[in-house]
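Letters A, B, C and D name the chains as they come in the text, with residue numbers starting at 1 for each one.
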Amino acid sequence: MLEWIGLLPAFPLAGFLALVLTRGKLPRRIAGVIGVGSVGLSFALAAAITVEFLGSDALSHTQVLWTWMSVGNFTPGFSFYLDGLTVVMLLIISGVGFLIHLYSTGFMADDPGFARFFSYMNLFVASMLVLVLADNLVLLYLGWEGVGLCSYLLIGFWYDNPANGYAARKAFVVTRVGDTSMAIGLFLLFQQLGTLNIQEILTLAPQQWSEGSGMVVAASALLLGGAVGKSAQLPLQTWLPDAMAGPTPISALIHAATMVTAGVYLIARTHVLFELAPSVQILVAFVGLATLLMAGFTALTQRDIKRILAYSTVSQIGYMFLALGVGAWSAAIFHLMTHAFFKALLFLAAGTVILSLHHEHDIFRMGGMRKKLPVAFWSFVIGSAALTALPFTSGFYSKDAILLAALEQPQYGTLLWLGGVLGAFLTAIYSFRLVFVAFFGDDHTQDAHAHHSDDHGHDDHHHGPVKEITGFVMAAPLVILGILSLVGGFITVPVDSVFGVHEEHHASTLVHGFMIAVPIFGVLISYLLYSGAPQGRVLQQWLKSMRESAFGGGLTRFWFSGWGMDALYNLLFVKPFVALAQLNRKDLIDQFYGLLVELARISNRAIVLTQTGYLRWYAISLIGGLVLVIGIGVWA
Amino acid sequence: MILLFYLAGAVALIATISVIVSTNVVHALVYLIISLLAVAVIFFVLGAPFAAMLEAIVYAGAIMVLFLFVMMMLNLGQATEDEEKAWLRPQLWVGPGLLILVLLVQLVNVLVTQQVDVVPVEVGVRELSVLLFGPWLLAVELASMLLLAGLIAAYHLAKK
Amino acid sequence: MPSIPYEHGLILAAILFVCGLIGVLTRRNIVFILMSLEIMLNACGLAFVVGSARWGHADGQIMFLMILTLAAAEVAVGLGLIIQMYRRFHTVDISVLSEMKG
Amino acid sequence: MIVVWLILILMVGGALAWVTEAMDSRLPRLTALIVMLFSLIVVVMLCMNNFPDPLSPGGQWLVLEKWSWIARFGIYLQVGIDGLSLLMLLLTVFLGLMAIGAAWHEITERPGFFYFNLLWTLAGVVGVFTALDLFLFFFFWEVMLIPMYLIIAIWGHENRAYAAMKFFVFTQVSGLILLLAILCLAYFHFVQFGRFSFDYFELHNVVLEGRFQMLVMLGFFIGFATKLPAFPLHSWLPDAHSQAPTAGSVLLAGVLLKTGAYGLIRFAVPLFPEAAADFAPVAMTIAVIGILYCAKLAFAQTDIKRLIAYTSVSHMGFVLLGVYAWNIYGLQGALMTMLAHGLTSSALFMLAGGLQHRFHTRDMGQMSGLWAKLPKMSAMALFFSIAALGMPGLGNFIGEFLSLLGAFQANHVAAIFAALGLIFASVYSLWVIQRVFHGEFRVPGDHGAGHGEAHGATAQDLSSSEMLCYGAMVLGLVWMGMYPQTFLAMSEPTMAFLLESLGSFVGSVVSTAEVLP
């Protein structure tokens, strides 16, 4: 089975080709079967390979398909590398991917771009599989850029609305900034080590570099740049909330479960480099911490159901970075997996809500959906519980591991731990705020529409009666993901051999108790604040008065805008670039040559004056010249 | 002989000046013929009888007759003559005259540096022909081409 | 045979040439200009023949023949042009033909 | 003989196309097509050949022939084909075919003369890529210019006279500087060895003093950099491209620009190794400025052809960067960039030409949302834009990655700044897609209700023959991206030889200098 590893990305790629070459002429049913089936085949194969790989004693397996290019010492192959980490990623990508594909056949059923949608999705899965299978950084970069491209295409899937196009371009360009940093990191690694094969790098790096030497710091910092861009961490996190312009299954697959965690994968994959550069590693932790807090506060103020989830994604990836930063590699991967389950669940449930409410995104125009949308409601409850890390849900185990590892960090352990706990508290508030506002209280769907956020660009705002849209294809993935979100915490990720350590964290009962209590306390506060419960009237009044005060209002707006990062970048980069470009639209250099031409033209006008057209004048000039020449000849 | 040279030279000079100051085309043409004939005499004195003959026959004869025919075709009358008088204003002459005076001074200055007397040796038609159709054959051919070209051009230009 | 000062011949040629030049420069009637050109050509021919006599060689005369041919061709073409000009502009004033200026 | 035959086929074919116009106005294009197909077959057959012995000195030459021409001045008809030439020839004939495809329906006026010029340009290019005698090289350099000038001047768009003149003046002036440098070199061969020589191999032995060598090298560099074009000599290109007919743009962008890069690799660096080494930091700086400056300019354009033209300059910056890195990665990267850029820019110009043909404007502000009506065309535009921004898996990525990899080894700072070009590339590429193909459907003349709709409805999507052209280019790019080894292996011996001989040449300078008085 292991030698069939090359087929993993080949199935979705074939699906992509089939859908593209038929150019949407296929009937929807067949297109759907191709789109879903190809990923399903990949999943089946991945499962079989996993069983075989875990059953064998081998720690890794390398499969060379062909030599990509061979230039001097630079010989990256089209070759795949399989180990415990890869296996986990493969299963997440193909498994969650398959469920989301299945869900999409229902969600996108009426969309004119049905086949186009599935072709991009298949291409995405293929690229993502290449990313995690790659045995060298160049091939990884191929997958890395490939998923970025698919992300661009899918965010801008409903292309007739320019806002979607803007979001898509923003996503691509911002991540490209990170990608470029990563590319430079690749150049540096190759120059220093003479190879870009990941395993060789991991072996050579400790031999070549001492801990904390300049080169390894530079290389790992550059790789971190790439990871930060892809995983929407500070300071390149601004694209992810806007990326919610894409269809909701996209947000689930790309912007929650798989692609945005590629940065985590990259750092975990090259963990040796980061271990050699402790300053960068602690930077990773602080990037994660800052991001998770910033995104947590922002999520508190959002109204758009998908933006709340987007900021929570940013925040959760912040946890993974925190884990990476403190060297808890397997905890990071574990959280990556559980996050894939519950965040996909949340997004898909949000998709159901949005579709059932005729593309309503604002949670304050929902309310009381508990009875009308039972499937979505229960999905949300389970997902939010896991997200909040309530005891015995999957999120509990993974977040617990991360926080305990953070506490063990020798230098900044307490600080990191406290930050993480504060983040967990925020997570509890904003995730249950969503649940309480959207599913409890009164029905606000018939409220007058002052503004509407509509991700379809369709103009059908006549709101019919609310009826939950769940066929089998949409309900089944929710159920499966719900179960996984609950019990996923009992899965062990087989990555110990990859990172060479078995992580076990022990802490006092007090710490444990505190970490269990904080989320529960958060949920309670959220209940009092947002469910309209009479017991929380005092708190609600306080919140209202805070929001109306100058400071509180300003803070709310500041958080709402994502800490003003968009405006800042606009001011720092976008506006100067555009202004400069517009200023020099005509090309200064060209104008310089234009000046030369103008000079020639002026001198021409001067000389032309001598051209009178009179024969006499010419003859006299001729004689004058003659006299001059003879004069010089005779007397000079 | 020397006398003849200077005499012919003086005639040529006076006739030439008359040409350029004359207002009547036909008069000017007659003066030009006189000038050419005077030069032919000088050729003769310098021992070039063949050249002198050609000067008289071709230049003074054929070419000037051609001029005459064209004058007749143009039939320039009294109006033209009045016009010429109006154009011959002295101030027009000053600038070119001065310039050309300078040129003349330069030319003479160059020419009088060598004091060599010429003893004319007559070069006969025979020698000339031998030279012409010997080393100068190519020049003769070129001249014939030139004449042919002139012929064709003149035919085209004068055509209605 | 008595000798003739070589430079006198040349000076005569120069004077004749200069006379022709004055004609070219000052006259506006194209017929006179053409005649002045003939004078200049003739002066050149004279200079060649004088040179021929000075060196006792016939090459100068051959050059004169060439000039003669040139003059013939030039006059033929020039007169053709004059006729053409007179037909188009009904004048022999060279100043009329000043279209070709910059 | 095969090179001579190839050039003769093109030249005679061109003449034939001109002659057959009198019979039927459709015959010239048919003639041109047959001639190009034939040339393609010849070149592909050449590619099938194995190199005699790549490892032995001189073994990288597949074809190496020499006939006497003007022996008195040491001028020979010397031609040679190695891997580098062969790849360039392959690109030339392939894009020649595409250019004919682009011109097929577009050129209706004086088609015979058009195809004559087209084929003669190609003949000149083939000559440039094969000539190993610098006099012959310069001869072909001029042969490819004048027909190209005519193509722009006669069949161009509204501002063609200006553009054609600008093109001509720039290339001619730089060409004269190149000629001067060539003559200098030949003269110094005379001074040092007692006879003139324009022979590529013999000129290697000429020894020039430091400063003077730099001057002569600069002559070569200016000649080639104008053609490339490198900042700040690029200003002719946007005008020439935007005014030229589609086929002209294809040839200009796809093939003619590559002659500059080829010249740098073949002549400018190997003939003057020390001066080139001294000059490398400057050249790399120029490359970086070109990449960033023109990417920024591209972003500001509204004329779609001008935009693509500026992106060409930006991409050719990577070639310059790779060449002056002067290591195997940089050189192979430059080569791959040349090949891939040839395909992408040609395809993009063909698409822009297609848009102009359909909507009679190149102003991007006047059209948007074409995806709804022209899905095939839009998909192609998307593909080639993505290729242009350096998506891994397609040819451009390989080229740019290798160039940067090589450049990084030679000069960190330059490579890092050049890498920023990758970001800019994504900005302008996606900007085009957004403005033209995404958004709400709107085309020029869309003022009154229904009118624009009618206009849009008449606009045809790509025909199957057009799809064939684009499909071939798509396949080419994917091939280059997924298995570039096919191409890299062909040029490997040449590049290795260049690098090696340069090393040995640096050594031999000393010995030659000792021998000379």
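Here, contacts are C-beta pairs under 8 Å (C-beta built on N, C-alpha and C of every residue); 3 or more make two chains touch, one makes a residue touch a chain.
Owing to the predicted nature of the structure, the values given are computational and were not obtained by experimental measurement.
> Suppose every chain is reduced to the average of its Cα atoms; which one is closest to the average of all protein Cα atoms?
When every chain is reduced to its C-alpha mean, the one closest to the whole-protein mean is D.
> Go through A-D and A-B and name the pair with more C-beta contacts between its chains.
Answer to which pair has more contacts is A-D.
> Find the chain most remote from subunit B, comparing centres computed as mean CA coordinates.
Taking each chain's C-alpha mean as its centre, the farthest from subunit B is A.
> When the C-alpha atoms of subunit A and subunit D are each averaged to a single point, how far apart are the two points in Å?
38
> Taking each chain's centre as its mean C-alpha position, how far apart are subunit A and subunit B in Å?
98
> List the centre-to-centre spacing of subunit B and subunit C in whole Å, with centres computed as mean CA coordinates.
Roughly 6 Å separates the two chain centres.
> Taking each chain's centre as its mean C-alpha position, how far apart are subunit B and subunit D in Å?
64
> Specify, in ascending order, the residues of subunit D that touch 2 or more different other chains.
none
> Out of subunit B, which residues touch more than one other chain, so two or more?
If we look for residues of subunit B contacting two or more partner chains, we find 96, 99-100, 103, 107.
> Identify all positions of subunit C at which a residue touches two or more other chains, and write them in rising order.
21, 25-26, 28
> Who touches whom among the chains?
Pairwise, the chains that meet the contact rule are A-B, A-C, A-D, B-C.
> Across the complex, what residues on subunit C touch subunit A?
Interface residues on the subunit C side: 21, 24-26, 28, 33, 94-95, 97-102.
> For subunit A, which residues are in contact with subunit B within the complex?
My answer: residues 620, 623-624, 626-627, 630-631, 634.
> Sort out for me which residues of subunit D touch subunit A in the complex.
Per the touch definition, subunit D meets subunit A at residues 231-232, 234-235, 238, 296-297, 299-301, 327-329, 332-333, 369, 371-372, 375-376, 379, 386, 391-393, 397-398, 401-402, 404-405, 408-409, 415-416, 419-420, 422-423, 426-427, 430-431, 434, 437-441, 482-485, 488-489, 492.
> Touching subunit B in the complex: which residues of subunit C?
The touching residues are 1-12, 14-23, 25-29, 31-32, 34-36, 38-39, 42, 45-46, 49-50, 52-54, 56, 58-59, 61-62, 64-66, 68-77, 79-84, 86-87, 92-93.
> Which part of subunit A faces subunit C closely enough to touch in the complex?
Within the complex, subunit A contacts subunit C at residues 607-616, 619-620, 623.
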